[in-house]
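Following this line, the structures themselves.
You will see subunit A twice below: alongside subunit B first, and alongside subunit C after that.
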Partner chain A sequence: MATYNLDVTKEHCPMTFVKTKIELNKLQKGDVLNVRVTEGEPLENIPKSAVEQGFTVLSVEPTEVQGIYSIRIEK
Partner chain B sequence: MNKRFAIYPTAEKRKKMATDNQAKKLSIIAFSGDFDKLTAVFTLATGAASVGYEVNLFFTFWGLDAIKVKQGRAPVGKGFLPKVFGVMMGGLKASPVSRLNFLGLSPKIFRYLMRKNHVATLEELVEAAKQLGINFYACEMAMHVLGLQKTDFIPEVKDVLGVASFLSLSEGGQTLFI
Partner chain C sequence: MNFTEDQVNRYSRHILLQDVGVEGQERISSGKVLVVGAGGLGSPVAFYLAAAGVGTIGLIDGDVVDLSNLQRQIIHFTADVGKPKVISAKEKINQLNPDVEVVTYQALLTAENAQEVIKDYDFVVDGTDNFPVKFLINDACVITGKPFSHGGILRFEGQTLTYLPGAPCYRCLFHAPPPPNAVPTCSQAGVLGAIAGMLGTIQAAEALKYLTGVGELLTGKLLSFNAKTMTFRAINTKRSEHCPVCGKNPTVTKLIDYEQAVCDISDRRKT
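Presenting the complex of A and B:
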């Protein structure tokens, strides 16, 4: 059960979703992906689409940086 | 604001969402070989695939330029006229912008601006589309007219189709013509 990190705060649509999805595809059951996202569309939709695709969203927490959040997704 | 409520659906809701997910499908008829319109095609396609859609791209006419193995200007095609077209149209890297092309300068400016502003370039989007397992199809009729064969296209092109096959593939989903 490994933990991976991904930062998509510098990316824009659609690469925020694309990079997250490509990383999610690599996860084995029980693995966790930490994604750092900006507020707005990525924050609203990355957890939603992860759940829709059968992943579990463990948490969505603000980080030490204003406007940036960390999403923990488990396969 | 507590976002937890929105992202922790009940098991029942999650099951329903997973079922609904199966019907999520986007099919795009990529008619244009223009840089900007292809960018729209691949932005929509990769975005949709990333959020769990099944995506079908059906390349026809000028759109076929986007999936050629030779991305520059090359005499691809069988016969004299197709070869002339092949050189004039070129592949993905030679695609013009639909407005204000400035003899091919504009696509270079766009690529520069995209990189500078951390927006994915057309080539990056195509690469992402391949990684996401998006289905690429080529139009049989347009290939015939332009003297192109399946081997002229990138190996990700799954099949060569006609209208009837495309309609059955896209049935039950959303379809766009770009």
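Presenting the complex of A and C:
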């Protein structure tokens, strides 16, 4: 069970989720993807979209940087 | 297949679709589709398949662009008048999406070349304007087990079906071409330009559904519409045991070049 990291803080909707989806598709069962996102649209929508596509959102937490959050998604 | 940053961006709206995703786009990008006829139907078909990133698009058409084509054949521009249609179409596809390899055949599809031309493709789209070649495509695809989309338009109406090996074919429904004198002549047979787009985009969607395996094809169905009332109707079809090509005792065992209506021959460029 591995953990991977992805930063989509420079992307805009819907590329934030496109990039996330591509990385999610590479996961094996039990693997976790840590996605760094900006607050606002990606913070609201990426967890929802991940759940819709059958993944589990483990946590959504602020990072050390103001306005940037980390979403942990498990396959 | 590893998509580049630009490709991820270009195909992002496919990748977002749950049913398509990266895998579906990979199947599209490695798919090979032959479009027979680069005219009214072939234009939107080729355009959307190119936009979708279909890996190889084959175009076969022996005509050159005529001014009267431009009312519906949207892949050709005014400056293309006089240019072979397959070249004109290839130029637009290359501009739209350089990922796509375009193979051109500046020829008519005939009983002699049909099997050789279609054999390298995953899916064939009938975008022709005449019955002899529609039957030829059906027979060639049935005999070689090749999936294809039939499409036809006239005036305000269109019809389409998708053939897969084992499913009802075009001949199960329409046994043979109508006699040449029963086909409307050029002066009788206008067509509303936009219905070429209506039907061609349905055919393009069927080709993309076939490549990705998404959804249910128009197999075992005949979809027809009338743009005057804007009504669509899908009827279920069945294989005919008397079908001349896929029935119990087929009489069509090799390909046939049927006679064209005189008007079709003398005035091909206007059709």
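Please note the rule applied: the second predicted complex is superposed on the first by the 75 of 75 C-alpha atoms of A that agree within 3 Å, B and C clash if a C-alpha of one lies under 4 Å from a C-alpha of the other, contacts with A are read in each partner's own complex, and residues count from 1 in each chain.
Basically, a residue touches a chain if its C-beta (ideal position, glycine included) is under 8 Å from a C-beta of that chain, and two chains touch if they have at least 3 such contacts.
If you're wondering where the values come from, they're calculated on a predicted model, not measured in any experiment.
Once chain A of one complex is fitted onto chain A of the other, the partner contacts of A:72 are absent, as it touches neither subunit B nor subunit C.
By the touch criterion stated above, A:21 is placed in contact with subunit B and with subunit C alike. Residue contacts after overlaying the shared chain place A:10 against subunit B, while subunit C stays out of touching range.
In the superposition on chain A, A:52 makes contact with both subunit B and subunit C. By the touch criterion stated above, A:36 is placed in contact with neither subunit B nor subunit C.
After superposition on the shared chain, subunit A has more residues touched by B, the comparison being subunit B against subunit C. When the two complexes are overlaid on their common chain A, residue A:60 makes contact with subunit B while staying clear of subunit C. Annotation: subunit A residues 14-15, 17-18, 21-22, 52-53 touch subunit B in one complex and subunit C in the other.
Within the complex formed with subunit A, the residues of subunit B that make contact are 3-4, 6-9, 14, 17-18, 20-21, 43-44, 46-47, 49-52, 117-120, 124-125, 128, 131-132.
Within the complex, the subunit A residues that touch subunit C are 14-15, 17-19, 21-22, 25, 52-53.
Put simply, subunit C touches subunit A in their complex at residues 3, 8-9, 12-13, 15-16, 18, 21-23.
Contact residues of subunit A toward subunit B in the complex are 10-15, 17-18, 20-22, 43, 45, 47-49, 51-54, 57, 60.
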